[in-house]
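These notes concern the structure reproduced below.
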Amino acid sequence: MLHIEFVTDLGAHVTVDVESADKLLDVQRQYGRLGWTSGNVPTGGYQFPLDNEQDFDWSLIGARKWTNPEGEEMVMHRGLAYRRRELEAVDSRKMKLPAAVKYSRGARGTDPEHVREKADGEFEYVTLAIFRGGKRQDRYAVPGGRAAPAPQQAARPAPSRPQPVAARAAPVAVEEEETPF
Amino acid sequence: MLHIEFVTDLGAHVTVDVESADKLLDVQRQYGRLGWTSGNVPTGGYQFPLDNEQDFDWSLIGARKWTNPEGEEMVMHRGLAYRRRELEAVDSRKMKLPAAVKYSRGARGTDPEHVREKADGEFEYVTLAIFRGGKRQDRYAVPGGRAAPAPQQAARPAPSRPQPVAARAAPVAVEEEETPF
Amino acid sequence: MLHIEFVTDLGAHVTVDVESADKLLDVQRQYGRLGWTSGNVPTGGYQFPLDNEQDFDWSLIGARKWTNPEGEEMVMHRGLAYRRRELEAVDSRKMKLPAAVKYSRGARGTDPEHVREKADGEFEYVTLAIFRGGKRQDRYAVPGGRAAPAPQQAARPAPSRPQPVAARAAPVAVEEEETPF
Amino acid sequence: MLHIEFVTDLGAHVTVDVESADKLLDVQRQYGRLGWTSGNVPTGGYQFPLDNEQDFDWSLIGARKWTNPEGEEMVMHRGLAYRRRELEAVDSRKMKLPAAVKYSRGARGTDPEHVREKADGEFEYVTLAIFRGGKRQDRYAVPGGRAAPAPQQAARPAPSRPQPVAARAAPVAVEEEETPF
Amino acid sequence: MLHIEFVTDLGAHVTVDVESADKLLDVQRQYGRLGWTSGNVPTGGYQFPLDNEQDFDWSLIGARKWTNPEGEEMVMHRGLAYRRRELEAVDSRKMKLPAAVKYSRGARGTDPEHVREKADGEFEYVTLAIFRGGKRQDRYAVPGGRAAPAPQQAARPAPSRPQPVAARAAPVAVEEEETPF
């Protein structure tokens, strides 16, 4: 038996029993769809292989894709919106970095020091996830091979698996306030 | 089986077993009525849709509505009183914000830095919850459709569900000291 | 089933299963008599109604009453002694505060910033509990209606309930060092 | 049923079920002999009665006695060595303190501020335990009345109780680096 | 029954039940191979005997050996790469230190203060583990007596023990960015 600790969409601390280790990612997906998260975002953001970016299952970390009115791809995580940015490969004498995709937001006054990263000038930002290099992990993908699951989400038939609580809170329409990045 | 962690009204750390996920909010309501809380107030306060404000069930977060002698609507949470304020919509070139309702209190000397928000001048405050935008979540409402549950609370018949501890501590009559806001 | 987390008198982290919610305060009393505590002292100290002060059951928070050689009423909590002080009611234009009883000690060099409160001059102190206003909660009282339980404690017959560990450590005789207040 | 949380000698976080409260100290001894600890050292160090010093069972806090090549009595706790020092009684007008025995080490650059205590000059140290005043607690003693258990430890017959992991890591021979005190 | 808390490769907080204490290291190896860790790296790094260095089982702490394209021996732990360095014995009048092997990386801007160690000049680094002195602990070795397990890892036959999740994320190819050391 395993037990996974979540922070629910209401901020409550709830542990869920999991029958066996091979059911763990299913449980993370099930509750992640409700906005529940387990653990903290690692300093510098989650690191995933670049080849997982296209069909990454954001429910695994309690997040969800979302296209804002301006048509930008965003990810909502714990009530904050992160914007998708493509980073070109760097191949200078000083540094060699493969291409990457990063989901980040501008830092807020209440963000602790150790999650802030410096950008140009005085601008600071916070990274949710970075996809770079590595080897694709199929287990991180949206189940069923959907390439772009986010838009279909609203039309997706109700899952047969019981939904613990009715539905995830709709995104509050003011995240832009928090994401000048 | 799920397990939810609470801090009781006496400050004790207690975990309660919950049979299934669809019982979770019931358990949060049951113990929240006693002033038990689970998890911390998110930085910047809980975010809820504006349409949930009128009949929001404050027991979900271990809080309770309360009208002070001056007739102001207050919310009591972990022994501190937060005052209801209506924020008008902002529609300037720099910022667009829908109308909101905010429950906040003046900052106290012992509040940690990351929960303090700046207001005009040197005044700092702390937000418990903000209701803004979004789409109403019925599951956040007081069960039974009561529009204004707080006043009836005293007259409410004893719930058939067993009460773990006799009754929640009556609000100490000096919260005003802490809420110059 | 509930589970309550304690820090034992030896500083160990121990969780105790509790059959049902109505047994919780009993378990807190049982282990609190050994000096076990659950959770942290709230910032600014525990808040209780004034009418609970006379027969407050200090075992509920892992503390115990104690009269020092000078005849002063003290409370011992996690190896530190707090002194009882009566605060008169304040009724000025700036502030209205009912009478209160406070248990506090002088701050120590190792106390974190957020628990220190300023007094006159450079003196800082730390509050364990304040009794003020509110409505008496019978469940906080020493069971059996004893008005002043502390002196009888030594002569109290051995409880029929099994004692988990032999006896609580006797107070080390040097707390005065820590309590210049 | 009780459950005690340990940090193992490998730094892992492991909880052990304990059948009943009267078995708790046995379990602390059993795992403490492997260097497992539960909870943190209290700020200022553990406080024990002076009369417990001679036959104190250091396994209760995951520590172990050890005589260094210079013949000094040391205690090893979480990979750090603490040196035994006898403090004479103080009987001045300003302060009255009974005699004590203290186990402490010099502060390291990575020690957090709140555990550092000032000594003469700029020297800072960290206390593991102080034995002073109080009334002897037999339950803190090495079981079986051994007055000086440490030297015999190597020759001690294998306990009938199963040993969870083979044996505790032998002390790394370089603790002196950390203990200029 | 024991229960060990892990942070999974996805950052989730998961507890795994362990039947008995003698199975604990097996469980740590099983999940450690997936990059799961339990507890934090001790300040200053894990301390192990020098004689354990050659066949140390890095899965015990959720790490894994890895030879980089330059042929250097590295250890990957929670997405960061640490470089192997041999430290010669010191035998001066001021200090006596036996030879050691250290796994460390350069400090990153987001590393908290208390894990940074000063090197020459302004350079700071963070240590994962240091092997020095002490007495070999066989239980820390790769099971089966393999002297240098890392290279064979890819060709290792699938373990008969069920793998909870498919496979550990391949190392992202950009760790060099983080390890100027």
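By letter and in written order, the chains are A, B, C, D and E; residue numbering begins at 1 in each of them.
The definition used in the following text is that contacts are C-beta pairs under 8 Å (C-beta built on N, C-alpha and C of every residue); 3 or more make two chains touch, one makes a residue touch a chain.
What you see is a predicted model; the values in this text were computed from it and never measured.
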Taking contact as defined at the start, I'd like the list of chains shared as neighbours by subunit C and subunit D. none
Using mean C-alpha positions as chain centres, tell me how far subunit C is from subunit E in Å, no decimals. 44
Based only on mean CA positions, could you tell me how far subunit B sits from subunit C in angstrom? 27
Spell out, as numbers or ranges, the residues of subunit C touching 2 or more other chains. 3, 15
Viewed as a graph of touching chains, is the assembly arranged as a line, ring, star, complete set, or other? ring
Could you please specify the touching residues of subunit A with respect to subunit E in the complex? 1-5, 15, 18, 20-22, 24-25, 28, 38-44, 46-49, 60-61, 95-98, 114-115, 117-118, 132-135, 137-139
Applying the document's contact rule, which stretches of subunit C touch subunit D when the two form their complex? 3, 7-8, 10-17, 78-79, 108-110, 112, 162-167, 169-174, 176-177
